[in-house]
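My structure is below; once you've seen it, I'll send some questions.
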Amino acid sequence: MTTTTTTPSRWKRFRNSYLVYSFKRDWIAQCCLAIFLCLLLGAICAPWLAPMNPYDLTQISILDSELPPMWIDGADPLFPLGTDAQGRDLLSTILYGARVSLIIGFGAVILQAVIGVTVGLLAGYLGGRIDAFLMRLADIQLSFSTLMVAIIVGAVIKAIFGGATYSAYAVWLLVLIIGLAEWPQYARTVRASVLAERSKEYVDAARVMGYRDRRIMFRHILPNTLSPIFVISTVQIANAIISEAALSFLGLGMPETQPSLGSLIKSGFDYLQSGSWWITLIPGTVLVVLVLVVNLLGDWLRDVMNPRLYKG
Amino acid sequence: MALLEVSNLDVRFALRQGEVRALRDVSFTLDRGERLGIVGESGAGKSVAAFTLLNLIAKPGYIAGGSIRFEGSDLARMSSRELRRVRGNRISMIFQDPMMTLNPVLSIGEQMVESLKAHRRISTQEARAIALHKLKQVYIPSPETRLDQYPHELSGGMRQRIIIAIALLLDPDIIVADEPTTALDVTIQAEIMTLLRELCEKHNVGLVLITHDLGVVSQMTQRTLVMYAGRVIEQGPTREIINDAQHPYTQGLLNALPQMTTPGSRLNQIPGSMPSLSNTPSGCAFHPRCQYRYDATGQPRRDCLDQVPEFVTSGNCQVACHMVRDMLAKEAS
Amino acid sequence: MNAVATQASPATPTSSATDSLLEIRGLYKHFPLAEGFLEQLRFEKGRLVRRNDSVHAINGVDLAVRRGEALCVVGESGCGKSTVARLVMGLLSPSAGEIRYDGHRIDDLRGKRLLPYRQRMQMIFQNPYASLNPRMTIQQTLEEPLRFHHPEWTTPQIHDKVAEVMASVGIDPEWGKRFGHEFSGGQRQRIAIARALAVDPEFIVADEPISALDVSIQAQVLNLLMDAQAERHLTYLFITHDLAVVEHFGTRVAVMYLGTVCELADTRSLFARPRHPYTQALLSAIPRLEDNRPEHVRLSGEVPTPVHLPSGCVFHGRCPHVTERCRQEVPQLIATDDGNRVACHGVEEGRL
């Protein structure tokens, strides 16, 4: 018989896991996580970190507009990254903007996951006509681009409630738009792994025990599909942030009074030719770095969680 | 000199948990036309042994010591170019899963012609004729049409016949067969085994048969090697091992078979299970499961716990067991 | 029991049910090859035709499992033996025919009405590496069925029951906190058996429970199953391809070929005197340890696909004793002089 060892605690098991092991050996993953945590922390703590509150009109002076960053002549030491066309401190605006982008990114992904996982589980487990119906629904959804959904939802909301209401709830509307537009990715991934799990004997054993379908789906099958869900979640967060930026850039997203990274880029775009490149390029760089580290972390996670790679 | 001479082979796998020793001090020989069986349960290292014979061990595994001398030259130290000349040509391999050898997008004929032309300077016509001849040797019905079929169009038994035909294609000296019939049904297994034995006898081909089935070994081979936890624990003529096994593990394996007890009564089980190769017990690896690990006074035997047993010769067999060594010493005195 | 009472309420056990726990009558199971309408369309000879081919997995099986026995179903892959097991357990629903448990029809029950039978009938699966939920600890795996079937039990009661079941299958209670993947195949199969025994069933369907295990572990698990049978008075439906195991374990044997039962006999008489040519071939093919075994019966050809069943006797294409009648007429299971049943024209005609 195997020697009985005392069961290690959850934390110890986690520390000995392959996840941590491969993380310790992958410096790219370590760098990415560090950068991501910095950005996340900066965004969360924006109200305390930022020198100014860009939403507070009393702190903004139009006389400070288009000041360059500190390493260029003519800069004001009060504004280390310069100011935008309205005289807002760019550093503060970026911190607040990253906050908006991340809220929308995470919020939209949570919504996508809730819809997508439920649909995928039902379609994969129940099969037959329900499967066919739900997956055709997903196909239809995919054929509407995010842009189309944003235009339709935005137009409807603006027409019914007016532009002011739209601006007030813009963050949550964007979560809704991006969440609704991109859930089929989750549904497809989850359905595929549910189909693989459903044919395994532990599911048959659960059915033989007489468990109800809901219990089998959520207690037995869902926990075994978590790895792919985690992996696509990282990609989806990056996608959602980009979608938000794109929508904002097109004027379908965040209003300029509460700028996200995307609307910041847009607001600076008109001044690109006039020499104030920093209004666009600095938030643009932050956006690229944010999306890149999230994607690299996702790649690393996919390599680790793909059992075929490490079990040989 | 033996055709194949494996001595003190040591194979390790460098894994993140540390180094795993898959084969330890494995030595055996194979004469021309001899059929040797390597028996063991999963985790005994028998498949690693088969792969090592052709130096097919891939990273993270490596040959840490010992030699595999085939006609005097050491396969463990050959360049990959020299190895290619031996693999498939002089020594060929039959895998458990036919689809590991067969390429699903090439027809049977294309695959056979390809490997013939890789080793010999012949025309496609000649190669096709040889392929056809080999298919006839393995009694494949309507071999001409089979040549143009794809692997998925054939049944499991037919595929394994084709694998045997491919293994024989270049008239090898040795065939290494790793569980060749485990995936097949009993009636098909019996046919394939009979065919393999007849062909080896007829063409004087040596056979190394890796299997977990003592019945198959008994029917197929002249000599048997029993492995446990990466080591050879008993070797000798098959009949002698089947009829009068010396090592407690071999005895246990044979006695555990249902046909060894009267129907309906409890089977003679060996307690416990094969240790993992990363955590093999000290001394004799079998000692935690062995019924002879206590001495006459009921105390655990120190030598079983601490020392790896050396081979002792009993009859025509070689056995690595302290208890057998003591019994032989007692008989001699 | 008189006939009037039986007619009056079909739910009461019929007279034949007094000795047979499970009865299968005229069972058929077909799996359609193409599910959707579009997948069924084929382009043949310049015309678009709709073809609805199906795999004929089970073609008219009648079996009865007697209380307290171990009925072994043997056959080669694709003969439908596992499908029989899954049909009995309600994992599949039959295309035709009925399954009665203790006199009650169970093949048309669903949901709550099937629940009482879920406790009385349990199943052990072939692959111990897939039959345990990888995300659940052993303790959770064993507790869940008890909490589900006995919601009124207190936690200490459940813990006691789990400890008792663990002890009876030889599992160290320490294992409870660990996960399935930390154990070897034999240990996992013990856990799977413990899970099945936890709800105190009286009937167990074992679908090749030892074929994925090593020889020395097979003996352990077979002993465990035999001990459980003796202690708990279990009835087994044991699916296997290993005739050596059948000879040891089975009370009676049903030999299946291509979805039909071709011989049904006492284990001892089947091994002493196999009647059906297929059984004879199967028996002679077992690799024996002895050197002096007779040459095995060579079968010609391969098992036909269950999509296009051969006419007449399903075995006629490979049978060495085939006649014209075998090619035309489907043989019925007929009783032989020693009380066993064989589906073979040759035996019926007295030429075999």
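To keep things simple, chains are lettered A, B and C as they appear, and every chain counts its residues starting from 1.
Following the convention adopted for this analysis, a contact is a pair of C-beta atoms (placed from the backbone, for glycine too) under 8 Å apart; a residue touches a chain by one contact, two chains touch by 3 or more.
By chain, UniProt protein names: A = Binding-protein-dependent transport systems inner membrane component.
Model, not experiment: these values are computed from the prediction.
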{"item": "Most remote chain, CA-based centroid, reference being subunit A", "value": "B"}
{"item": "Most extensive contact between chains (C-beta pair count)", "value": "B-C"}
{"item": "Distance between the centres, which are taken as Cα means, of subunit B and subunit A, whole angstrom", "value": "53"}
{"item": "Centre-to-centre distance between subunit C and subunit B (centres being mean Cα positions), rounded to whole Å", "value": "33"}
{"item": "Multi-partner residues of subunit A (each touching 2 or more other chains)", "value": "1-2"}
{"item": "Residues within subunit C bordering two or more other chains", "value": "184, 187"}
{"item": "Residues of subunit B whose C-beta touches two or more other chains", "value": "271, 273"}
{"item": "Contact footprint of subunit C on subunit B as seen in their complex", "value": "41-42, 155, 157-158, 185-191, 193-194, 212-216, 218-219, 239, 242, 252-254, 256-259, 261, 263-264, 266-271, 273-274"}
{"item": "Residues of subunit C touching subunit A in the complex", "value": "36, 86, 89-91, 111, 114-115, 118-119, 121-123, 125-127, 130-135, 144-145, 148-149, 172, 174-175, 177-178, 183-184, 187, 192, 195, 199"}
{"item": "Parts of subunit A lying in touch with subunit C, wherever the complex brings them together", "value": "1-2, 4, 7, 132, 200-202, 204-212, 215, 220, 223-224"}
{"item": "Contacting residues of subunit C [partner subunit B, same complex]", "value": "76-77, 184-187, 214-220, 222-223, 226-227, 241, 243-245, 247-249, 267-268, 281-282, 284-291, 293, 296, 298-299, 302-303"}
